[in-house]
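Okay, handing you the structure first.
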Amino acid sequence: MADQQLRIGLPKGSLQQATLELFEHAGWRFSVGARAYFPSVDDPEITAVLLRAQEMPSYVADGVLDAGITGLDWIQERGVDVVEVANRVYAKQGLGMYRWVLAVHEDSDIHSAKDLEGKRIATELVNVAAKYLERHGVTAHVEFSWGATEAKIPDLVDAIIEGTETGSTLRANNLRIVDTLMESSTRVIANQAAWADPWKRSKLENIALLLTGALAARQKVLLKMNVHKDNVLAVIDALPALKKPTISHLSDDIWHAVETVVDQHTLRDLIPELKRRGAEGIIEIPLNKVVA
Amino acid sequence: MADQQLRIGLPKGSLQQATLELFEHAGWRFSVGARAYFPSVDDPEITAVLLRAQEMPSYVADGVLDAGITGLDWIQERGVDVVEVANRVYAKQGLGMYRWVLAVHEDSDIHSAKDLEGKRIATELVNVAAKYLERHGVTAHVEFSWGATEAKIPDLVDAIIEGTETGSTLRANNLRIVDTLMESSTRVIANQAAWADPWKRSKLENIALLLTGALAARQKVLLKMNVHKDNVLAVIDALPALKKPTISHLSDDIWHAVETVVDQHTLRDLIPELKRRGAEGIIEIPLNKVVA
Amino acid sequence: MADQQLRIGLPKGSLQQATLELFEHAGWRFSVGARAYFPSVDDPEITAVLLRAQEMPSYVADGVLDAGITGLDWIQERGVDVVEVANRVYAKQGLGMYRWVLAVHEDSDIHSAKDLEGKRIATELVNVAAKYLERHGVTAHVEFSWGATEAKIPDLVDAIIEGTETGSTLRANNLRIVDTLMESSTRVIANQAAWADPWKRSKLENIALLLTGALAARQKVLLKMNVHKDNVLAVIDALPALKKPTISHLSDDIWHAVETVVDQHTLRDLIPELKRRGAEGIIEIPLNKVVA
Amino acid sequence: MADQQLRIGLPKGSLQQATLELFEHAGWRFSVGARAYFPSVDDPEITAVLLRAQEMPSYVADGVLDAGITGLDWIQERGVDVVEVANRVYAKQGLGMYRWVLAVHEDSDIHSAKDLEGKRIATELVNVAAKYLERHGVTAHVEFSWGATEAKIPDLVDAIIEGTETGSTLRANNLRIVDTLMESSTRVIANQAAWADPWKRSKLENIALLLTGALAARQKVLLKMNVHKDNVLAVIDALPALKKPTISHLSDDIWHAVETVVDQHTLRDLIPELKRRGAEGIIEIPLNKVVA
Amino acid sequence: MADQQLRIGLPKGSLQQATLELFEHAGWRFSVGARAYFPSVDDPEITAVLLRAQEMPSYVADGVLDAGITGLDWIQERGVDVVEVANRVYAKQGLGMYRWVLAVHEDSDIHSAKDLEGKRIATELVNVAAKYLERHGVTAHVEFSWGATEAKIPDLVDAIIEGTETGSTLRANNLRIVDTLMESSTRVIANQAAWADPWKRSKLENIALLLTGALAARQKVLLKMNVHKDNVLAVIDALPALKKPTISHLSDDIWHAVETVVDQHTLRDLIPELKRRGAEGIIEIPLNKVVA
Amino acid sequence: MADQQLRIGLPKGSLQQATLELFEHAGWRFSVGARAYFPSVDDPEITAVLLRAQEMPSYVADGVLDAGITGLDWIQERGVDVVEVANRVYAKQGLGMYRWVLAVHEDSDIHSAKDLEGKRIATELVNVAAKYLERHGVTAHVEFSWGATEAKIPDLVDAIIEGTETGSTLRANNLRIVDTLMESSTRVIANQAAWADPWKRSKLENIALLLTGALAARQKVLLKMNVHKDNVLAVIDALPALKKPTISHLSDDIWHAVETVVDQHTLRDLIPELKRRGAEGIIEIPLNKVVA
């Protein structure tokens, strides 16, 4: 065990697999073994614990853990004071993004927050729901839901406040979205004390840099091609302006090797265009990390 | 749909499969289909909903449901006023029986409730825990646990209050049981209004009668044998006194057919004994229901 | 191998498992082994082959097989001349029952067979469909569908003729049923030559008798109870009139043992009623076969 | 724990599931839990250990265990002196029966034991093989095979001595059976000391009685029917002579109830015959145990 | 949804998984979701439908779809007039390649097409079979087979015409191949109208280019190495002549970096050879696409 | 089939999957098909057989096989004379590495080899065990264990000699390690005759080269970055000294492209450091093979 230790919480459940894989791509291999909730990791400076995303904010805020990965929703539900280390890490890639909505049966008379007066609402985010009702000046019965919230309408409750990624589960239950309360996404949080500690802060920033590099690489590839010197300008012109391509002369001084990192989803238009402009021997290479 | 309807809640999760099978043996076939939380049933007088055991007490007490199947633990945690239709149904058979205990790490200094002063306790039964602490006159920080409670000692909390059947999960986590807070078992509950309605009460009593009959049959078998008239008294003497066996003369007036319902677990001693006393052609027949 | 051989075809696919289990309950154990389409069976007088239900009628009619199990739909589609050995075997129990319907998109303008003029129809039963159109005097393009027929509306065809048990797949595809072309159910068929052969006919009738006995036993149980002589009439009066119960005097001449075979689904009303009328020690025993 | 303890070994591997199920039907429920090789059992007088069948004979013979269940092959291979408690238990039912054969490639020149001179033979039963060669006066290289023995011909060895139930694995490997060395079946064995101890011997005999009863019940059923007094003789005449059926007068003195235990595999001929002779309301009831 | 739409059919069943993966590598991600037969795709210009390969030719030819992916066998069986967009796409890579053969039992008297006179033949390609018989001037009974065709010999038919990749299923059924009717492979087809539309044609050509690039990359890798200037010629001489390697001077002017795309299966000979010729630091890099 | 053939044995069981995957990465694709123990391979010069690691040494030493992959433990247990082709292949990567230890119950009185006098020991390596006891001058009863060796303490034996990777199975069985007998790892072995044959030796050396290259690539990646000419020295200084990076001027003469192969596990420190020193556009590329 190292002199210094960073204690981090990783989200158990739906985000667990994605988080552990992302860390592996970033360079840390966690293995869930004998002590299931305390995965081992190949970095003696890190101690990790698997926790439900709901429990993470309090354990981080109370200092039981230095840092943790959880959703914005539970940070707000718990109302804790924590530092966001790298809100850009996941948010840009859409990992763990969803929104919390007010939903009712498609035939319901409820069409806005105002119509909730006196109604029965089921949700996992009872504090967020209470603030929402207060903001709209209505009084309603909010009850904690232990799951399957979307199935409780209309037999058990009048409305729900529920997280949804695409809305398809809601539609499948014949529900209508009335309002959006918040957009949530996965966050890396730390408590104030850990953030004030230079070693811990530097460690957290390195982790964030490599997580970002691994996430970026998922959508990007390296494109290499050979271009006759007469076509170099035309080819470069077709490449994304964002980033200067690397150009090197080949031994014969007539052909140039051009290579650049591009977004994978642009390739189906870009490759035919490059070929038209004279690029030859185009190859696409997968990447593990891209650090700008 | 029938004129009259009984709305009952069935427990989702660990008890679901056992409950649906028991109902099938009792004579009601539920099928979980398109609307997953609203199983259909081959009895037009019943409407069912699958709910977490935790949510059942409130929905029954509030009259959203007429009756439900849940655990004594959640009835007490919610502190609701409901009627127990058939506490004997499950209790006698050990189905869904477990106890809630106060547990600590095996090396902990905590040896009684008194030692909890100022400690951090994780549990799903926060109200039961609060009353327990109050009863013992100690003050401690009780936090709701979203699961994996036994893994939180000693890294995250000092003690837990957790349900356990055999204690093996606790032992596997190196925990020591300090005290038992309550014995819980599965209960059929109804609200006062449903119980006061003659039709609903009669329906609930019939359901209880058949559930009891199906449960009893799991442990019992019908034993039949032929006995020479000279040995009848000796054989009958070996049979459990509880219940008079059925004896009929066979056509030849020399042999008697003896049959009786016995507990399955007594057979390994009973059958050799009966054979010794002159019983012949002993056969054991499985039963679907036994209604005393 | 026996002197005489009955060659029968068993349906591969959705009915296979149910058919092999039914035969096992009836007393023939088929095992699907090395030669997958030629299951072995513990009766040297039988040779079996597994075939798609669609292919069965021709192979039976042409005399390649003596008998087979298939659906009425494919018998009619193939238009073959065969003997129905035991149409009552499956029909009464609802095994393999479904109907073929004309279905369109719920928003379609087609409301009767007349509206099919000039439309495109997908179906597996092209001959049945052609006769149906002829009967209604309309002309339409009927094309053979290789599966997933219900998904072809509205993008690929205007209407379909498709088999359905409960209509739920159709509803899930937003289809509306316009008309029912036929009710199909599972049938045991034989060709004329086999039926005219006394040995084969007797063998087929024995098989039918035992299949019927095994099917009947699925829904029935043996109910036994002890009744004081004063209550015997009241108890018997509550039992289904259909079949006389077996009553025997017990040794003491005061109690009678009453037993009778009843439909399982009547028990949830019958048992409480019998208890009210003085029946004691009611037990319910499962049955393997019931041969009237 | 009881005063007296019987230590028995149960076979791990291919016979494990069948053995544990058979014991459950006989009345002992073993559960394989935390200590996987030491299943717990609901009889305080028994301690059990799961062992490979190969290891059982030595552990029983050396007195480490009182009794065990293993195959005759391994008893002979180990050459130990043990008592066979109940060789009839499994043998009659074919459970765990197979034979050890000498097999060669179908094109091999080896046609009898004599042809093995100087050859290479792979087998798990090296001692049995050595005695076999000695008996035939030939010398060959016998090597222990760790598995997949049948695949070693012809690339790695010239012949194998291998256990086989139906010969189908041998045929699938294009092997030809040259000779049969022994028939093996599952045996219950005890050591001499345990057998000389009255309590242990009585315990072992009870276990054997109930295992036999449970095994017998697998192939048998109870057949009940009502017969008019005029037909009783004809019906009884059709029943297996082995065992006298139970006949009782019904209340009306005209009908008799006849019941008897019969082999399940005779039913497909027996039931049609009984019906022809006037039996009515024939029902077949499954059995858990049959103790003669 | 885009202004212009290309409607393509993808093959359901055995080719589905391979086709969707290939498209993903090419740059289009299809997801099979709620409407199972209508996968969504991340290109607003494409609408896709999953269809059995058998049904594809007609739907494309009739203009219900613009293009589709199916086998040459079904194009010929349906006898439709369509354009082959990119027959080289799959064919070169062996994806979906197999041949249709005439097969009989290994002991059959049938040794050529001529011997089929009056025989019974089962096949899925009844039209192809009919033309084949006509070509050979023989008359036989051809019947449509719904599957398991190879098992129908010899009990149900005399010969089959069946697709096979390696012949191993035929051999396992003891069948002998008499003749090969056709080689089939996967094809991208379009109807004449779509091909005449410049936008659709360009879209189809782009898709074909990228599918080809993704398929090519499966078998190729990028090989990089450093070579002293004295060894450059020897190393280059060992590289496949097909394609000029990229050579660049390193900063020190003594070492050159050589890189080239090579077939993966040549590496086990090529790498030892390159090392012998003085290449150092040889690394092999996987590729996503190779566009010549 | 080629003129020359190398016959190699591959280990069946726990190492099988890893070995076949490693060979695929090295360039040989084995497929386990119809003849399960004789995988086919896409190299006509190789014939392969899957064998238990225990059996490999004898088959190689006896010349039945030219070469094989097995563990050092079984080579020593069998005491055979073979050549180690490439002991570095697996050993450096930790694949198949574990040690054989003497273990006893944690409460046992045995604390060194000396304490084994007269004890009962179970193990799979009976010869290695015998030599170990001899070396320590003690006499004990060593018995061959067919598996589950660790469970035999303390009920069946006093000590075991068992292979273990991390010791966790031993700890879970409450065992204590007393001594380590040997470190084992996976080896490629050949017999003397094969090694003396130039063609076979060259073939084996090529295989070893490519296996080594594929194994090395698992832990390494190619790192590329652009560096301003002013920062080149600082960046290069941070790279591992082991291997000179490849540096090339880009077309603009101001930026250099630097690339180098590095150990994957160094990246989480290296990438942040490189960025601090001015490296830009850092990308990490996966590798298939690295041949020094």
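Some observations on this one:
Each chain gets a letter, A, B, C, D, E and F, in the order it is written, and its residues are counted from 1.
The rule is simple: contacts are C-beta pairs under 8 Å (C-beta built on N, C-alpha and C of every residue); 3 or more make two chains touch, one makes a residue touch a chain.
Bear in mind the structure is a predicted one, so any value in this text is a computation, not a measurement.
Traced through touching neighbours, the fewest hops from subunit C to subunit F number 2. Common neighbours of subunit B and subunit C, by the contact definition above: D. Between the contact lists of subunit D and subunit F, the overlap is empty. Both subunit A and subunit F derive from one sequence, and where they touch, under half of the residue numbers involved are common to the two copies. Listed candidates were A-F, C-E or D-F; the one reproducing the B-C interface, defined as more than half of contact pairs identical by residue number, is A-F.
One inter-chain figure worth recording: subunit E and subunit F are separated by 38 Å, centre to centre, where each centre is the mean of the chain's CA atoms.
Taking each chain's centre as the average of its CA atoms, subunit B and subunit E sit 60 Å apart. The geometric centre of subunit D is 53 Å away from that of subunit E, both derived from CA atoms.
Between the Cα centres of subunit A and subunit B there is a gap of 44 Å. In subunit D, the residues that touch at least two other chains are 248-249, 285-286.
If the chains shown are joined wherever they touch, the resulting network has some other arrangement, not a path, ring, star or complete graph. Inter-chain contacts, as defined above, occur between A-B, A-E, A-F, B-C, B-D, C-D, C-E, D-F, E-F. Chain contact summary for the complex, subunit F toward subunit A: residues 168, 172, 221, 226, 248-252, 255, 257, 264-265, 267-269, 271-272, 275, 280-286. If you check the complex, the residues on subunit B that touch subunit C are 26-28, 34, 42-43, 205-206, 209-210, 213, 217, 222, 243, 246-249, 256, 261, 285-292. Contact residues on subunit E toward subunit C in their complex (touch as defined above): 12, 35-38, 49-52, 54-55, 58-59, 64, 143, 145-148, 151-152, 155-156.
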